[in-house]
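First subunit A sits with subunit B, and in the next complex the same chain sits with subunit C.
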Partner chain A sequence: MTLTRVRVDGARATAMERARQRLVVIAVLFGGAFLLMGVRTLDLGLFRAVAETHSLSASATVRAASRADIVDRNGVVLATNLRTASLYADPKRILDPEDAAAKLVRILPDLAQAELLEKLRSSRRFVWIKRKLSPRQMWAVNALGLPGLAFQEEEERVYPQGRLAAHVLGFTDPDGRGLAGVEHFFDSRLSDVTMVDEPLRLSVDVRVQHALADQIAQAIERFSAKAGAGLVMDVRTGELLALASLPDYDPNHGGGAPKDALFNRASQGVYELGSTFKAFTIAMALETGVADLSSRYDASEPIRVSRFTIRDDHPQARMLSLPEVFVHSSNIGAAKMALDVGAQDQQAFLSRIGMLRPAALEISEVGHPLVPERWRDIATMTISYGHGIAVSPVQLATGLAAMVNGGDLFPATLIRKNEDQMSSGKRVISENTSDIMRRLMRLVVRDGTAKSADVPGYQVGGKTGTAEKPAAGGYARKALLSSFAGVFPMDDPRYLVFVLVDEPKGTKATWNFAGGGWTAAPTVAKIILRIAPILGVEPQKEDDGLFQQAAYAIEDSRRHP
Partner chain B sequence: MSLLSRADESLVARWWWTVDRWLLVAVIFLLGAGLVLTFGASTPVAERLGLPVFHFAKRQLVFLALGLVLMITVSLASVKMVRRGAIALFALCLVLMVVTLLFGPDYNGATRWVNVAGFTLQPAEFLKPAFAVVSAWLFAGAMDDKSFPGRQIASGLFVLCAGLLILQPDIGQTILLGSVWSIQMILAGLPLLWIGGLLVLGIVTVFLCYLFVPHVTERFDRFLDPSSGDTYQVDTALNAFRAGGLFGRGPGEGAVKKVLPDAHTDYIFAVAGEEFGALVCLIIVGVFAVIVMRGLVRLTEEEDPFIVLAAGGLLSLFGLQAMINIGVNLALLPSKGMTLPFISYGGSSMLALGLSMGMVLALTRKNRFETGPRLHTSTVRGHWA
Partner chain C sequence: MRQLLIALIALLAIGSAAGLYQLKHQVEARRDAVSALERQIVDDAEAVRVLEAEWAYLSSPQVIQDQAFRYLKLRPASPEQLVSSLAVLPYRLEGRRLASAMPDDVFRVPSPRKKPTAPVRIEEHDQPVIAVSDARDYSAAPRAQQPRLTRTDRAKDNAPPRQTSRPKQLDFGARMQKALERIGDER
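Then we have the complex of A and B:
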C-alpha cells in the first residue's frame, strides 16, 4: 500500500514537473499574443493616426468645396466666400417645441412660427431651420441654450460691392453654383479646387463702374426713362472697364430678383441703335473708295422706295458734303452712300466688324443680333442709318472702337489682359480712314448734334443715336431709344463710353427733346468728367488744326450750295 | 494593511492575508475601466434603441456590484467547496442549455438565453468556467490514479458541451471551450505527438466550420479579403483607433460609438481607443497580460494537480476571451462576438467572470503555514521512491 502510494507520488511528481514547464510555455505564448496586440494598438494609434475622423458622423459633414474670389482689374474684391453657419434641429431632442419655436422666431423673424413648430414636432432626426445665419443670429441662437439645435458650417458667396457690376458678376445658388454672369460662364474654373487660391481678375474697374452706373441712374431719373445701359471700353484692347444695366439687382440675393432686373441690356438686349451706325457707313464708303471727304450727296428731297419714305430728322434740304452727312446726321445722305457701296460689300463690312454675330463676351447673357433675312436695297438703306438691324451695345462699341483706334478690331472682353496677352487686333479699316473718322466724330461734338457731350480738355468725339422703338406695324414716334457713343481724347483715343436711355421723356431744360444728343450725350460728358482723372487721362489744349480739313468741307458746301 | 492583524483568526482576516491581492487589484482596475467606458459607449446605443440614456450604464453598475460580491464570496471558499460547487453548477448549466435550446427566445438567429427572474441569462457563460473546473478535477483524478478514466470522461463531457453549443449555434464559445479543454489536456501531460494531433484537429475543425457553417464562412471570407463583403464594423473600429491617436479625442468625444451597434459590448475596446488613446489601450492590454501570465507562472508553485489544471484552465479561458475580443477590434482576427472580460457591458458575462476569478482566487489562496522558503516537496518525495 505504502509502496504503491509512493510510486504514484513519483509518477505524479514527474507529471507535475512537466505541467510546470508547460505552464511556462503557455504563459510565454499568451505573452507573445498580448505583445502582438500591444504593438498593433500602437501601430494604429501612433503611426497611422489621422487628425480628423472623416465620414464617421452620419448626419453633418462640413462641405469643404470652396470657390475662387473674383476681383476687379486692380484687385478689389468683387465676390468672395464667407464661412457661415446653417441652423438645423434634431426634433427628438427638443424638449419643448412651442417654447423653442417662439424663441427662434424672435431671433429669426422671417420664419413662420406655425411652420417651424410643425418641423420641431416632426419625428425626423434632422430638419433645416434656416440656412446661412449672420454671426449675430448664430450667437443669439447659441445663447438660448436649447438642446437639439446645432449648426452646420457652410460657405456663402458674398458680393461686397452689392449691386455694383451685378450683371457682370452674376450670382450663385445657395449651394455655390454659378447661375449668371461670369459666375456662370466660369463656373468650372471658379470651383476648380486647384485654382481656388487664384482669383479671377476681371477687366472691370469698380471706380469706373460706379461712375457709369451712378450717372445712368441719374439720367433715368431726370428723363423719367424706363431703363438704361452703358459701358466703358478700352479702345486699344477691347477690355470693358465697366458694364452696367439698369434696373439692376443685388447679387447677394440674386435668386429673388425680378426678370426685368436680371436682363442685361448692355450685352443681352439688341436694339436698332440708329444714327450711330452712320459712322460705319461713312468708314465703309471711304474704305471701299466710293467716297472721299469732298463727296457730295443731295439731301433736298426725301427718298421714296416702294412704300417707304426716308427723311432726315434735322433736314438741311440741300446738297451735303460727306462730313455734313455725318455731322447733321442725314439719313438720306447715308442711304445714298450705302447704295453706292452696295448690299454685298455692306454685309461683308458689317460682318468683319462683328455686327452680324453675337459678341464673344465671357458671360452667358449675350444677345443674338437681328439682321434682315434678305439683304435688299431697302435694307441696305435703312441699315446705313441703324434701322433694320438690331445689335447689342457691346457689339456696337466693339465696332466703333475699331473705327477710331487706327483700324484694329479687338473683341470685347471682361477679363483683364496682361502685357503678354496684348495681341494686335484684326485690321478692319485703314489707318487713314480711322484718322478721318476721329475728326468727323470730334466735329459731331464740336459743331453737330452732340455739343452737350463736350468736356473741355478731353476732346470728346462721338455719334448720337436716336431710334424709334419698333411697335406693331412700324415705329412708335414717341418711344425712343436714345444713345450716345463717345470716345476720348479724340487726338489719341483711349476710352469709349456708351450710354443708352430707354424711353426718356424730354424736360423743360431740353425743350422737351429726348433724342440722344439731349439725354445720352450729356450723361456721357458727366461720366467722362468723372472717369478721366481716375484713368489718368490728362486734359490737354486742343490742336484746332487737326480738324481744319474736315471743318473746311462743311464751310465749303455752305458756300457753294 | 494594518487594519487586519496577521494574528486575526476571523474569516475576513484569514482571507485577506491568504488571497492573491495583486490579482484582486488588477481585476478591480479592469472593473473601474469598464465602468468608465460603458458609461460613455453605451449612451448612444441606448439612445438609438429608444431607452433611457443611462439604461445600460445603470444596469452595468448593478452587474458590477453583483459580480464583485460574487467574486469575493467565491474566493472565500475552500478548494473542496470550489470543486463541489463547480460540479453542481456544471450539471445545472447543462440542464439549462437543453432548456434554452427547447424553449429559449430566439435573438439574432441564436437561442442562447434563458429567463431567470427578469434577467436573461446565458447559461453558456457559466458553463465555461464550470466545465474548466470539472474537467480539471477529472484530469487530476487520472493523474493521481492511472486506473481512473478521467481523460475519457472529460473528453466525453467536452463533446457533449461542444455539441450543445454548436446547436445554439455558438461557434465562438465552442472554439473557446475546445481551447481550454486542449490546454488542460496539455497540462495534464498529453504526449507531444498527441499535442500535434490536437493542433491538427483544431485546424480541421475550424476549416470544417468554415466550410459548413454559413456565417462563419462569411466572416472568414471578409477577414481574408476585406473587399468581399461589408466590413463596415471592422473599418469603423480601425478608424476609431486612428482617430484616437496616442492620447485619444477625449472622454465622450468619440464618434464610433454613435455608429457601431455593439459599441458597448464587442467593440468597447475601439471606443477606448478613440476616446482615451493608444496608451490607455496599451495599459488595458498590459493588465490582461499581467493577470494571465502572472497567474500561470505562479501556478508553478502549486503542488495539487487539480489546482494547476483548474486555475490554469480558468486563466486560459479568461486570457483567450480577452485576446479574441481585442484581436477582433484590431482586425487581427475575423469578426466574432466575444465580450472583453470585466469591461464590456453584459450581465451574464460579468457574473460568470466574477465567478471564474473568484474560483481562481479561491484556488490560489496561499496556505499561511507554507510561506517562506519553498520546500521542493516533490523532489523530496521523489527521493523516497
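Then we have the complex of A and C:
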C-alpha cells in the first residue's frame, strides 16, 4: 500500500485546520463520556453488586399471614390465620348449569341446588358460590375440571381448640376484624404489620381451661342449671389461667352464635354474689381494728330494719364468735360487724379492693358493678353479706386473691406476665390479717358450709355464696345463684378457683339443697383434683411422713429396750 | 498491524457481548430460582401453619379426653397416688440399719432377698434418682429379677394366684397398733 499525502495551502489550509481541531474536541468529549461509562460499569459490577444482593434478600422476607396468632401460656395455638380459597363462577362460561350445580352440591352439601342453579344461569359475570372451602373441597372442585369456576385466595381465622376459651378469645368477622374478647381488645396489635410474627401470649392454660369448662358443664347438667361461669386465677400475679362461661359458642362460627351464648358471665355479668362477700367484711373488721378473733356477735334474733329482715340461712340462734360468723355464714353477725366498721370505711375498703369500678381486664366484655347510690346503713348491712351490690366474678376473685396472698392486690389479667414483669401488687390488708383470713377460709372447708370442697392433700379453703336472684319487688326464693370461691393450698396459696352456677335445682343426692356448698363447692373440688397435678402443686397429706416417724420410733424402741 | 488491532478489538467486542449475554441469562435464571424459593418458603410457612393448627386441634384437651376414655383404662390420678418426696414413703424396719451402712447420701431401698437392690441417691431437692450400683444390665434381666421399689415377694410373684379373698386392709392406726404389739411380743 502506498501512502499519499495531499498538501493544501492557503485559505483551504486554515479551514482544514479548524475542522481538525473541532474533530479533536468532539473525540475528547466522546472519549471522556465513554471513559465515564466504563468507570461506572466497573463500579456497578464490582462494588455495587454486594449492596444489590442485600436489598434482594431483604425483600425476600415474606409474611404468611396478615393477623398475629394467639397462643396460650405454654405456646399452644388458640387462634391462627390460614390461607383458604373461596369459590366463584363466571356463569357465561359455564357450559351446562344443571350438570355443574348437581356436581357442586355433591361436593358442597350445604348448598341448595335450586339456588345454585339460579346463580349459575344468571347473566352476571361473577357470582360467589361458597366462601372459605376446606382444602379437601377445593381439591374436589378442581378435580371436576369444569370451566367457568375459579378460586379467590383469602385468609380465614381458625380456632383449633373450638369452644375452648371462646369467651376469652372472642371471634372475628369474615374480613378478619376482631368483634369480641381479646380479638377485639387487641385488634390493632394483632393486625399490626410489624408485630404479625409475634404471637399474642395469653395467661390462659388450655388444660386448666378445659378442666374448668368440663366440670362446670357437668355441674350444669347435674343440677339442671340455666348457666354457669368460673375462673382460675394465680393469686400471686393476678393472671387468669382459665375463664369460662357456659353456655358458650364456637368462635369459628362466632357470628351465628345466640346472644345468650355470647354473654360472658364471668366478666360481663354482674351478680349479687352473696356470702362470699363476708370474707371482705371480716377482713375489713380485722384490718380497721373494730374486731378481733375473740369478738362476739349476737345472732339469736333476726335484725329488722324498716321493711327488711336479715335472717341467717344456717341459723345457730346464739352468740357467735368472729370465726363462727364466717364458718356458719351468719348474715346477722356480718351485718352487725359492718355496722361497727361504718358505711364510710366500708365504701373506702371495697373501693380499695376494686369492687366499685369495672375490672381492668383485657377483653371488651367487662361489666360495670352495680352499687347503691346512697350508702345508707341498710346498704352497709346487706353489702356485708353480698346483697345490694352486684359485681362480676372477675372482680370478686381479684379481691379474694388479695385477701389470701398476703394482702397484695393484683389486677386480673389475661396476658401472661414474664418473670421480669412481676410487679408487687397494691397492699390492701396487712400480712397478719391475710394470715387470719387463710385460716378462716380453711376452717369453712374443714368444719363449715363447704365440707364438700375438701380435696385430701391440697388443703382447700374458701367461702360459699348462695344468693337469691333479684325478682320484681324483692328476691326470688327459689332462683339461686350458687357460688364457691376456693383457694389451694391454704398454707401457701397459689390458685383461686371460682365457680358460679345459675339457678341450680337440688337433686336427690343433695337432699334438694341447691346452695353454694352443695353445687359449686363439689365442682370446685373436682376442678382442683384435675388441675393441681397440671399446675405442679404437690399434695401434702396431713399424716405425711408419719409412717417414717413411726418406723423410727419402733426401731429406737428395739435398740434401746 | 492496524488491521490486526482492529480484528482483535472486534473479537474482544464480540466476545464480551457474548459473555454479557451469557451472564444476563445466568442472572435471570438465578433470579427465577430465588423467586421460586421465595414462593416455596411462603408455601412451606403456610403448610407449617396448617400443621400447627391441626396439631393444636388433635392435641386439644377435649379430643384427648374423648380418646382416652374410649381407648385407655387410665383414669385421673388421685392425690393418694402422688408422692411428692421420698420422706413420705414408709421405711421397712431394717431400712435404717442398711442406710447407716451406706455412704451418707445413699441408702438401700429394702427389697426382697436374693434380688439385686438398687441404691437410691437422695438429691438435695428430694427427687428420687435411681442409680444402679453395679454394672449389671437390669433391663435385660427377666422382670422378676429387676430392681423394684415395691415390697412384693418373689415367691409370691411366682406362685399361682390364690383364690382366697384378700384380708381386709387395716387402716393406718390399726396397722401401727399391730406393729407395736408385735414388737412388744418380741421383747
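Keep this in mind: the second predicted complex is superposed on the first by the 475 of 561 C-alpha atoms of A that agree within 3 Å, B and C clash if a C-alpha of one lies under 4 Å from a C-alpha of the other, contacts with A are read in each partner's own complex, and residues count from 1 in each chain.
Quick note on the criterion: a contact is a pair of C-beta atoms (placed from the backbone, for glycine too) under 8 Å apart; a residue touches a chain by one contact, two chains touch by 3 or more.
Since the structure is predicted, the reported quantities are computational estimates derived from the model, not experimental observations.
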Return first, second, both or neither, reflecting whether A:T41 touches subunit B, subunit C, both chains, or no partner chain.
first
Partner chain in contact with A:R207 - subunit B first, subunit C second, else both or neither:
second
Which partner chains sit in contact with A:L95 here, subunit B, subunit C, both or neither? Use first/second/both/neither.
neither
Looking at A:Q161 after the superposition, I want to know if it touches subunit B, subunit C, both of them or none. Which is it: first, second, both, neither?
second
Quick one: is A:A33 in contact with subunit B, with subunit C, with both, or with neither? Answer first, second, both or neither.
first
Where does A:M16 make contact in the superposed view: on subunit B (first), on subunit C (second), on both, or on neither?
first
Go through subunit A and flag every residue that touches subunit B in one model and subunit C in the other.
56
Residues of subunit B defined as touching subunit A within the complex
143-146, 183, 186-189, 236, 238-246, 249, 255-256, 258-259, 273-274, 277-279, 281-282, 285-286, 288-289, 292-293, 296-297, 299-300, 303, 305, 308-309, 312, 316, 319, 323, 326-327, 330, 332, 378-379, 381-382, 384-385
Interface residues, subunit A side, partner subunit B - complex:
6-13, 15-20, 22-24, 26-27, 30-31, 33-38, 40-42, 44-46, 48-50, 52-53, 56-58
Contact residues on subunit A for subunit C in the complex?
56, 60, 62, 64-65, 76-78, 80-83, 135, 158, 160-162, 164, 206-207, 209-211, 214, 455-458, 529-530, 532-533, 538-541, 543-548, 550-552, 554-555, 557-558, 561
Which residues, counting only subunit C, touch subunit A once they are in their complex?
34, 37-38, 41-42, 45-46, 49-50, 52-57, 59-62, 65, 76-80, 82, 84-85, 87-93, 95-97, 172, 176, 179-180, 183, 186-187
